[in-house]
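Quick heads-up: structures coming right below.
Below are two complexes that have chain A in common, paired first with chain B and then with chain C.
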Partner chain A sequence: MSIAIEPGAGAPAATAPQAGAIKVTMILSGAVFTLMMVFGLIMRAAQGQWIELDPALFYQILTAHGAGMVGTAALSGAAILWYFSGRHVVLTAGIFWAFLCLFLLGVVLILGAIFIGGFGGAWTFLFPLPALSGGAWEAGAAAAFMLGYVAIGVGFLLYYLELGRQIHARYGSLVRALGWNLILGREDDNPPPPTIVAAAAVTIFNSIGIILGAAVLIASLVHLLVPGFEVNALLAKNLIYFFGHVFINASIYMAVTAVYEILPEYTGRPWKSNRVFALAWNAVLIFVMAVYWHHLLQDVVMPPWMLVVGQLVSYFSGIPLIAVTAFSTFLYVRGSKMTWDLTSSLLVLSVAGWSVGSIPASIDGMISVNKVMHNTMWVPGHFHTYLLLGEVAMAFGFMAWLVRGKTISEMGTLDRAAFGTYLAGAAGFVTVFLFSGAASIPRRWAVHYEEWLTHDRIGTVFSVLVVLATLVFVVRFVTRLGRNED
Partner chain B sequence: MQPVVLLISLILMALLSTIFLLAARASRGPGPGPKANAKRTGLIWALTILGVIVSVGSLRSWPHALASTSDALEVNVSGGQWWWDIDTTEIPLGKPVNFNVTTEDVTHGMGIYDRDLTLLTQVQAIPGYTTQITYTFTEPGSYQVLCMEFCGVAHHDMVNEFEVVVVEE
Partner chain C sequence: MKMMGLTVLAIAEAVALRGGTIESPIQHVLVQMPLLALAGMVGVHELRIRQYWAIPFLLLALTTFLFWMLPRNVDWALTPAGELAKYISLPLLLGLPLRLCWPRLGPILRGFLKANALSMLGVLGFLYTHAPIRICNSYLVSAQQDLGFAFLYLAAALACLWALPVLFGYPRWLPDAAAGCIKCGA
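Let's turn to the complex of A and B:
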């Protein structure tokens, strides 16, 4: 059975999304995701002692993988949000290109800092490690790394400035775009669609995150150049984790608009803003900024109330996700007679992966559990769940949709095999990390003890499956893109 | 504690995954009934009540509480790139120990591991601060201190050990 549907049907021609720029961005994202996964595979194999890797190089690869993956998740999320916001507001194409150029400039600086300068201070650049490498890298490499972040940050600020400006122009204010008329039960003849509610919330919290991130980056840069300039290490850590947490979460909150906009083509039921939806997004806006303290639960000199807030919000953030996003997905899918092609399968999987990954995250957010799980493999276990099976699945689902054409038909053999391999590989890979965390294996250790090698080796095998399936998704996207443009 | 945490997590994760699988299957079945929104409200309440119970239960006694200095042994641990200095190498069994942790350079993490490589407790070592945790050892033997916060190229080599001994009184 197949149904003919015009992708993007209903969007006025004047607001046609900038498909070219978005496709270029998704090719780039697909390529970098693949390369960074290979880096991940190399780290896993090195921890399992199947290959030999100098620890200094391991930590450089770890830094590249962390910064590269977080950056690419954000880049692909930003492309998705820009594309779908373009259905509702008119966005200036030049801003997106400027954003992309600044992003690439940042990538060049970061890669140079790591692989030429030897920087291996991890993507979190925890103060004062960049300045105190113990001889592994020079101050110049650390500075280039941080300048790379600054370039990417400036690009994102431009992006959000334009998005916020156009939402303001079209909906009168960001408050209205956040759905406050729906929340207060007021009449609204032009209620913001889900994508705009998401765009407004992300614009606010990620701009704040990036500005605070820029503050600590600049303080760290000055510290590198002027050694007498001291920064309070605990304050710096607060700023870094505020920025880091908000930024990586923003990538998922941007990418989820693919679910809002694409799934209705399959279910025949438009994803609508209503009171619960608006309330959930306003809760997210607060929660995402208040929850970062869960990264500091073992910094016992923090004011206790902040740690309590970190624990409480870690749990309560799960409610909008499970009771609104996941629950709504169930309702839209139920009885829809939808067709399961690669796009719809990946998008529904992404909501599942995101929700399921929130469970080990909020359990680790309990101070007493965190005491024995913090900085063990449990942490990469939970965040790879909602990144690999969440954000990345959204990005791959969006890519599959971009090249789908007008007819929707059931998955072919290759798609089915790739989807199954991706799901099995990723699920196995993250489960091994969780077992490793429960076995107290610390994260970010280049060299593992004999007792831990079995974990690492099983993890390596699952990683290979993920890389293979990803190759299929990306190659399929690029070849079909060429075919479409003929 | 870790096996219980793992078990609970895996059960909840499997449960939610199963619900997603059933929901995907239900695309072929009938549409959602009129009670769907009431169910959502019920779910929100159930999750909220569960959250309140778990939060109160797990925070009622403060997880970072310290033993009073009069009946605890004070042990000072300082870290640097890439070593741990522990000022007491023989710690008495069954007596609360207050660890006072400092760092000379970057942030480290002091994790205490038993002989089976199980993590017992940890605390961050933050430049400019002394962080404190209390732990009471219940088994004699040798214990290891591993670094839990990434601190540069020899992070994984930042290991030291101490003994817990039975003291006759």
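Let's turn to the complex of A and C:
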């Protein structure tokens, strides 16, 4: 079955703001996602002792995989948000290109730091590890890694300044764009659409995260180059995890706008902002910043009330997501007789994966559980769930939509096989991680005991499926880019 | 004329603080130095420059700012030669060019400079509160730590000052000119 999309049916008139820049960004994102997945496959195969990998190289690949995946998730999320925000506000193309150039500069510095300088201190650059390499890398390599982050941070800052400026110009204030008029029951002749509500929230919390992240990066750089300048380690850890937590969450909150803007084309029901939706996003704005303490539950010197807040907000932060986006998606899809092509399948999967991924996250956010599980495979299990089955699926769904044309058709054989392979591979891959965590297998270890190899090898097989399906998605996207719209 | 009066007042207050600057780095770095820069800003409040001067003036202001951020220069500013340099350079090479170039800068660049100022205040707070050595030889370690916390409080205050109008919109009771003033960050 196939149907033709007519303007005005469901979604806003399908304009294509800065589509060229967005397509270039998505090509880059797809290529880096694939490469980083191959890195992940290599690590799992090495842990399973199917291939030999020098432990020093393992930690370099681990660092590249972490930084590369977080960066690419953010890049693809930013491209999606920029594209759909462009339907509601006029954005300056030059700022996006500057953002992309700074991002690529950062990537070059980071890759150089890792594969030329030998930096292997993980993507979290946790103080004082970059300065205490034990001879594995020089201070210059760690400095190049952090300068790469600074370049990416500056790029994102420009991005949010432009986004925030245009939203402010259009709506008069960010709180109006956050839907406060809807919340307070005031009349608003121009209520913000869901994409703008999301854009306003992400602009606020990620700008704060980037400014604080820049402070700790520069302080760490000063310490690296002038070791006499000490940094308060606990404060540095707080700032790093605030920045890191907010940044990776922002990538999903940016990418979810693809669900708000694209799914209505399939369901025929426009996704509109209402009081509950606005309340949920305002709650997200607070929760995403207040929950980062759940990363520090093993730091016994932290004030206890902060850890308690971290645990409580971990419970609460799932509610706006599950109650609004996931539940709304279910309602929109239910009874809509929508056509299941690659785009709609991946987008619905992404909402489901994101929601499911929040459950192991909430479990790990409990102090009593975290004491046992924090340094196990449980943690990569939960974040791979909401990234692989959440953000990355949103990005692939958006890519499929960009080259879909005006006609919606049921999935062909290849699409169906690729989607099924991706779903089976990703679900199996994260399940193995969670089982490994429950079996107390530690994370971030290059060399595994004999008893753990079965887990690693099953995980490796599933990761091969993920890589294969991803290759199909990316190659399909690139080959269809040049085609005329049907 | 009113602006010239304010300039003289700012310089007079800065001079009157001479004694306090020897005792407290907060009075020196966060009161006297900003007053001197403010004197330069207020003195040229009505003047306008051509667009092509904006970036050179900005670079001049930033260079001067960076020079006086260095702790050894804060020490030097308490010597007679350094004091003279401070009284001349902060109004003329920081306040004046910053005020003249600011309205000519694009909104993204202004936003970037503000965000960068907040980050750098955070970095200074980081360093001054935890440095195991005296960064400025003229001040006690305890005074240095106080200065570090003052940097953090200032960062928080400026973040609120700059973010509130963006979050909640510009107050309607402000005249247009004042709103423009907030928008340009003056």
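Methods note: the second predicted complex is superposed on the first by the 472 of 486 C-alpha atoms of A that agree within 3 Å, B and C clash if a C-alpha of one lies under 4 Å from a C-alpha of the other, contacts with A are read in each partner's own complex, and residues count from 1 in each chain.
Basically, contacts are C-beta pairs under 8 Å (C-beta built on N, C-alpha and C of every residue); 3 or more make two chains touch, one makes a residue touch a chain.
Predicted, not measured: the structure shown is a model, and the values here were computed from it.
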{"item": "Side-by-side fit of chain B and chain C on chain A, or clash", "value": "fit"}
{"item": "Partner chain in contact with A:Val216 - chain B first, chain C second, else both or neither", "value": "second"}
{"item": "Residue contacts with chain A in the superposition, chain B compared against chain C", "value": "B"}
{"item": "Which of chain B and chain C A:Gly185 touches, first, second, both or neither", "value": "neither"}
{"item": "Computed vertex angle (chain A) for partners chain B and chain C, CA, steps of 10°", "value": "100"}
{"item": "Touched partner set for A:Pro303, first chain B, second chain C, both or neither", "value": "neither"}
{"item": "Contacts of A:Ile322 with chain B and chain C, given as first, second, both or neither", "value": "first"}
{"item": "First, second, both or neither for A:Ser173, with chain B first and chain C second", "value": "second"}
{"item": "First (chain B), second (chain C), both or neither touched by A:Gly164", "value": "second"}
{"item": "First (chain B), second (chain C), both or neither touched by A:Asn232", "value": "both"}
{"item": "Smallest distance from any CA atom of chain C to any CA atom of chain B, in Å, after fitting", "value": "12"}
{"item": "Doubly contacted chain A residues - partners chain C and chain B", "value": "232"}
{"item": "Complex interface listing, chain A residues touching chain B", "value": "55-56, 59, 120-122, 124, 126, 128-129, 132-134, 136, 232-234, 237, 267, 276, 296, 298-301, 304, 307-308, 311-312, 315-316, 318-319, 322-324, 326-327, 329-331, 333-338, 340, 348, 351-352, 355-356, 359-360, 363, 366-369, 371-376, 431, 434-435, 437-440, 442, 444-447, 449, 451"}
{"item": "Of all residues in chain B, those that touch chain A in their complex", "value": "1-3, 5-6, 8-10, 12-13, 16-17, 19-20, 23-24, 26-32, 36, 40, 43-44, 47-48, 51, 54-55, 58-59, 62-64, 81-82, 105-107, 109, 111, 113, 117-124, 126-133, 146-157"}
{"item": "Complex contact set, residues of chain C against chain A", "value": "107-108, 111-112, 115-116, 118-120, 122-123, 126-127, 129-133, 159, 166-169"}
{"item": "Residues of chain A touching chain C in the complex", "value": "95, 154, 157-158, 161-162, 164-165, 168, 172-176, 204, 207, 210-212, 214-216, 218-219, 222, 228-232, 235-236"}
